[in-house]
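After this come two complexes, each holding chain A, first together with chain B and then together with chain C.
After this line comes the complex of A and B, so read on.
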C-alpha cells in the first residue's frame, strides 16, 4: 500500500475540524448577538439609566431616611411601618384613589362604549362627529381641569343651568361630597382616547355574526350581549388594565382642582387635597412627602407600595381575563 | 447566600452612588480677588412676568455697580428645580427662593453655602436687617441666606361700612372682631350672606391657620420640641372663637359664600374690594391692588386683632419673605456673594423694589427711607413688620410638613366634623410628633 500519494487522515483530525466549526459557529453567534446588542443599545442604555437604576435606587431609598439632598441613612423598614401604622393621610389618599378607580374606570368604559356605538350610526358627517367627540381628549389636563373648575364654580354656568331647572346646586369642587364626582365628570368628558379604540373594535366585528343573530331572532340587546360584547372584550380588557394603572397615577387633575378651588398659592399646604382632603390622591400625598416635606425615603416607600399594588391588580386582571375575554383568533 | 450578598453589594453601590453629592459642602465663600476679569453669573428666581422684569432691573443696578459682572437671570424657578440642579452638580451661582420654610433644610444639608465666615470677614452688619428676618434666613446659627423683601399681614376694613354700622375703629381683639363682624353682616331675604362682616374660614384668601395661630400666640412646639397642639390652650381658644363666628353665619351658608368668592382673590372682583366683606385679613400688597382696581374704595388698615391671653402680640403678624443664597456647587461663589450682599443691603435697590413690587424692604435704612412712595395705608405694614413680635413660623430642618396635620384638622373642624375638640387636638399632636420622626 503506497502511503505517499494518499493523504493520511490522522486520528482526531475530524474532531479538530468539528471544534473549529464550533468555534466559528460561536464566533458568528457572538457577532450576531453583539450586533443585536449594538442595535438595541440606545434602548438598553435608556432602560437601564431611566428605569432600572431609578427603580433600584428608590428601593434602596425606601429603606432609608433621605431628604433628597443629604446622604441617605439606613432606617430599615421604618418607612413602611410608619406608612401603615402612623400616617392617616396615607389611608385617606389610598381611599380617594381607590374611589376614582372603582367608579371611574367602569364608568369611563361604559361611557366610551356608548359613545362609540352612537358614532357607528351616523349616515352623514361621520368624520366630523368622530373628531368632535375625540377633541376633549386633546385638551391638556391642566387646561381641562381649570375649565371645569370654572364651569362648576358655585356661580358658574352649570349651577346657573341647574338653577333654571330648579335643581339643587352643589358647591362641586368646594364640597368634599361633590369634589370627586366633579372630577369624575371631567374624566367622562375626556373619553375620546378610549372611545376611538372601542370604535375601532366595534367596526371590526364581522357583519355576518349580526346577520346570523338576526336569523336566530335575537333582539338588539341580545345582539349586544352575545355578539358585540364578546367581540370587543379584548378591547375592554385592555381599557380596564390601562384604566386601573393610570387611575393609581391620578395626579394632575386632583392637584390643579384642589389648588384652584382652595384659592391658595402653590407653596401653601392648605391647598393640598382641598376640600378636606377629598382630593388628596395617593400620588399627590407621595409628591408632598417627597418634594415638599423632604421625606424622599418615605416617598420612595410609598412609590414601592404603589408599584406592588398596581402589579397585583394587573396580575389579577390578567389571570381572570380568560373567564371573560374572547379572542377571535384563538390565541390567549 | 450568594444572592443575598449580591443584593447587599447592589445596595451598597446605590448608597454610594445615590447620595446626590451630599457629602461636599462649601465651608466658606472666598473673597473676590478684585482682578476685574469678566464674569457671568447665573441667577435663578421664582419671579415671573412684571415682577421678574423689576427684579431684572435690580440686577441691572448691580451690573452698573460691578461692570465686570454680568448677570444672566431666569425666572419661574421653584425650590424643587433648585434642589435638582444642586444634586446634579449644575446649580446656578445664586438663587432667590419664595419659600423660607425650606431654609432649615437648605442650611442643615449644606445645599446652600454657609455665609457665616464671609459675613464676619466682610464685617457685614447683620443688625441692619429688620429683626423679624432672622426668623427665616438662618437655622441653628447657620446663616445660609439673606433676606430680600418681605410680606406682613394685617386687617383691612371698609370705612364706609364701619361708619354706617356705628363702629369707630378697627377691632383689637378677636372678641371685638366677632362683635363688629356681626354688626356689619347683611343677609339676603333667603338667608344667604350678602355681606360678611369677616370670614373666619381657613383657606379663604389669606386666612391661613398658621397666621391666626400667631395672633393667638399658639405655640407649635413645647420646650421639649414636641407638638403643643393639645397642651397649649391657645389652640383650643382659637378654634372655639372660629366656630362661634362660623355658627353665627351657619356652616353651610358660610361655605357657600366662601366657594362663590374663593377664586377671586387675585382678581378685581376680590370680595373685600367689591364690598362682599367688610373686613379682611390680607397682606400689604392688597393696598396696591385696591389703588389700581378700586381707587374709590374707602378703606383703612390696622394690625390684625389678637386672641384673649395674647395681648402682647398686638401690632405684630406672621411674616414671610424671599431669601437669597448661594447653592452648593456655585461656579462663582465670590461674585455671587457680592451680588446677594448688594441686593440684600443696597438701600437704592430695596427702595426701588419696594416701590415697584409693593412689598416690604428688609433693611431698617430702606424701611425709613424718604424715597419710599406708597399709600398711607401701607405704613401700617411697615409698623407690623418692625414689631419685635413679628416672626416667621418655626423653621425645622424638615421643612413645613409639621403643619400638615393641623391644617388637615382645621379643615375638618370648621366643617363641623370634629365632635371633640380636645381629643382632635391630641390626635394632631400625636400625628405631628409622628411626622417629625420621619426626619
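After this line comes the complex of A and C, so read on.
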C-alpha cells in the first residue's frame, strides 16, 4: 500500500499520540476498504468475466462474420442489414415473441389478480386451495410442456371434453393458428408465482379504505376500481416489467413443444418452430443461428437488437409509470 | 375481517350468506380442480400401455406399473439424475459461498459506492442472457468445457445476481442491535458474518439454496446449450425432452412416467418448505 505521507518526526508526546491516532484510524480505514474489496471480489471477478467482457465481445462480434472458431472477419453493418431486409424468419420470430408478450402479459396479470382475489376470502380449507393454486408453478417447464402437448393432442382429453360440449376441436400444437394459444394456457396454468405476489399485495391494502368506501356506498366493482386497483398498482407495474423482460426470453416451452409435436429428434433442425414456424420465438431463432448454424456474428447482432428492444420497453414502462402507479406515502 | 357486532340476523340475510359461502366454495373447488387436472392426466397416462396411451381412452386399463421400470431401461435416468444432482448441489454451494459475503457488504456495511454496486447487480439480473451467452460459449469452447458440467457449475462461484439480491433482502431484516453488539465485543466483520448473520438469516439462506436447487433442476436452456450431444453428461430435463423422440414418435406413457419422476422431488420439497418458499417470492417478487 503506497501511503508515504505518514509523519516521521515526533515533536512532542501529545502531538505524537495525535499523529499516532490518525495513523491508526487510517490503517483501520484501509483495512476496512481491503476487507470490503475482498468480500466483494467473487462478484467483481464474475461481473468482469461473465458480464462486461461478454457484452463488449458480443457487440464486436455483431459487426463481424464469425463461426466461433476461426478469427472474426469484420463485416460492418452487414448482419444488421441482412436481419432487417433479407431474413423473413427474423420478422416471423419477432412477431411470435411480440404476440406472446402482448397477449400473455396482460392475461397472466388479470388471471393472477383473479386467482389471488379468490384466495383472499377467509374460507374453510383456504390453505389447501392456496397450495393447489400454486402447485403448477413448481412443475419444471419441460415436464409441464410435455404434459400440455399430451393433453392438447388432437385426440387428447381437452379435445374430448370440447367434443362432449359440441365445440370445435382445434389441432392445437399441430395447427399454426392454435399452437401459441395452447402455450398461453400453459402460462396461465403456472400462474402461482405472480399470484403469490398479488395475494401479498391484496392483503396489504388497509381495511379502513374499504370501510370508508362502504360508508360512501360504493359497490364491489367500485371498491375494486377505486381502492384495490390503485393500491396494488405497484405490484401490477412490477409484474408488467418482469413479464416483458422474461417474455422476450421465452424459450424452453416453445422449443420443447415444437420438437415434441413434430416428433423430430434433437439433431434435426426441421422441428424448430413447428408447426410452420408458429412457435419460432426470437430466442429460438437466435439459438438456431448461433449454436446450430454457428452464425455467431449474426446471432450476436440479433442479441443486441433484443437487448436494445428490452431496454427501450423497460424505459418506456418506467417513464409512463407515474401516470398510473400509485405509491402509498408519496413517491418512492 | 372484523365483523359487525353480533346481532340477530333475519332469515333472508342468513340465506344470502349461506348461498354466498356455497358459491365461493364452488369457485375455489373448481379452480383447484382445474389446476390439478393436468397433473392427474400426466399420472394416468404414465400408467397406460403404449397402445392405450395413443388411443383416446383416459383411464389406464390395465395399470402398467412396469412403465416405471421400463423408463430406466430406455434411457440412463440414473446417470441423468446424478448429473442433475451434481449441477444442483455444486452450483448451490457456489452461489452461497460467493453470495453471502457480497450480500452482507451490500446490506450491512456502509461505504461509498454501495448503491452503485447494488444497481449493477440488479442490472445484471435484468440483462437478457442472449447478450452474454455467445462469447461465453466461445470461451468455454476454447477451455474444452463444452460437453461437461463445468460451464453450468463454475460461474456460480462468482456470485449470482438473483441470490445476492434475495440474500440482501433477508440480511436487511437483521436487527442492527445484534450487529452492533457483536462489533462492541470486538468481532471482526468475518466473525460477524459467521456468528451473527448466518445463524440469524438461516431461513433466508435456506430459501436461496432452495431456489438455486430448483433453478438447476428445472434448467433446460443451459444444459441444452453446453452439454450438446454428450449424452453421458445430460441432465434430467434434457433427457426428458428427448424421451419422446427416441423411436421417432412420441411414446407418451414412458414420457409421462419419466415426467412424474422428474416432478415428484420438486413437489415433495415444496410441501416441506412451502413457508420458506413463499417468503422468498414475496420478498423479491420473482422466482429463481
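To be clear about the criterion, the second predicted complex is superposed on the first by the 295 of 332 C-alpha atoms of A that agree within 3 Å, B and C clash if a C-alpha of one lies under 4 Å from a C-alpha of the other, contacts with A are read in each partner's own complex, and residues count from 1 in each chain.
Convention: a contact is a pair of C-beta atoms (placed from the backbone, for glycine too) under 8 Å apart; a residue touches a chain by one contact, two chains touch by 3 or more.
Only a predicted model underlies this, so the values are computations on that prediction, with no experimental measurement involved.
In this overlay on chain A, chain B clashes with chain C.
After overlaying the two complexes on the shared chain, residue contacts for A:248 are found with chain C alone; chain B is out of touch. In the overlay built on the shared chain, the residue A:291 is in contact with chain B and with chain C. Legend: residue contacts after superposition of the two complexes on their common chain; A:57 is shown touching both chain B and chain C.
When the two complexes are overlaid on their common chain A, residue A:132 makes contact with chain C while staying clear of chain B. Touch criterion met: A:67 reaches chain B, while chain C stays clear of it. Touched residues of chain A, counted separately for chain B and chain C, are more numerous for C. Contacts of A:272 after superposition on the shared chain: chain B is touched, whereas chain C is not. Clashing C-alpha atoms with chain C appear in just one stretch of chain B from the list 2-10, 74-82, 200-208 or 308-316: 74-82.
Chain A residues 57, 61, 68-69, 149-150, 155, 260, 263-264, 266-267, 291 lie at the interface with chain B in one structure and with chain C in the other. Across the complex, chain A meets chain B through its residues 56-57, 60-61, 63-65, 67-72, 74, 79, 82, 86-89, 149-150, 153-155, 171, 174-176, 260-264, 266-272, 274-277, 288-289, 291-295, 297-298.
Interface residues of chain C facing chain A in the complex, by the touch rule stated above, are 1-2, 21, 24-25, 27-29, 31-32, 35-36, 38-39, 41-42, 45, 55-56, 58, 97-98, 101-102, 104-105, 109, 111, 117, 120-121, 124, 126-138, 141, 155, 157-159, 164, 189-190, 214, 217-218, 220-221, 224-225, 229, 237, 240-242, 244-245, 248-250, 252, 255-256, 259, 262-263, 266-267, 270-271, 274, 278, 281-282, 285-287.
Considering their complex, residues 32-33, 35-36, 39-40, 42-43, 45-47, 49-51, 53-55, 57-58, 61, 68-69, 115, 118, 121-126, 128-129, 131-144, 146-151, 155-157, 160, 189, 193, 196-197, 200, 207, 235, 238-239, 242, 245, 248-249, 251-252, 255-256, 259-260, 263-267, 283, 286-287, 290-291, 296, 299-300, 302-304, 306-307, 310, 314 of chain A touch chain C. Within the complex formed with chain A, the residues of chain B that make contact are 10-11, 14-15, 17-20, 22-23, 78, 80, 83, 86-87, 98-99, 101-102, 105, 108-111, 202-205, 208-209, 255-256, 258-260, 262-263, 265, 398-401, 403-404, 407-408, 411-412, 415, 417, 431, 434-435, 437-439.
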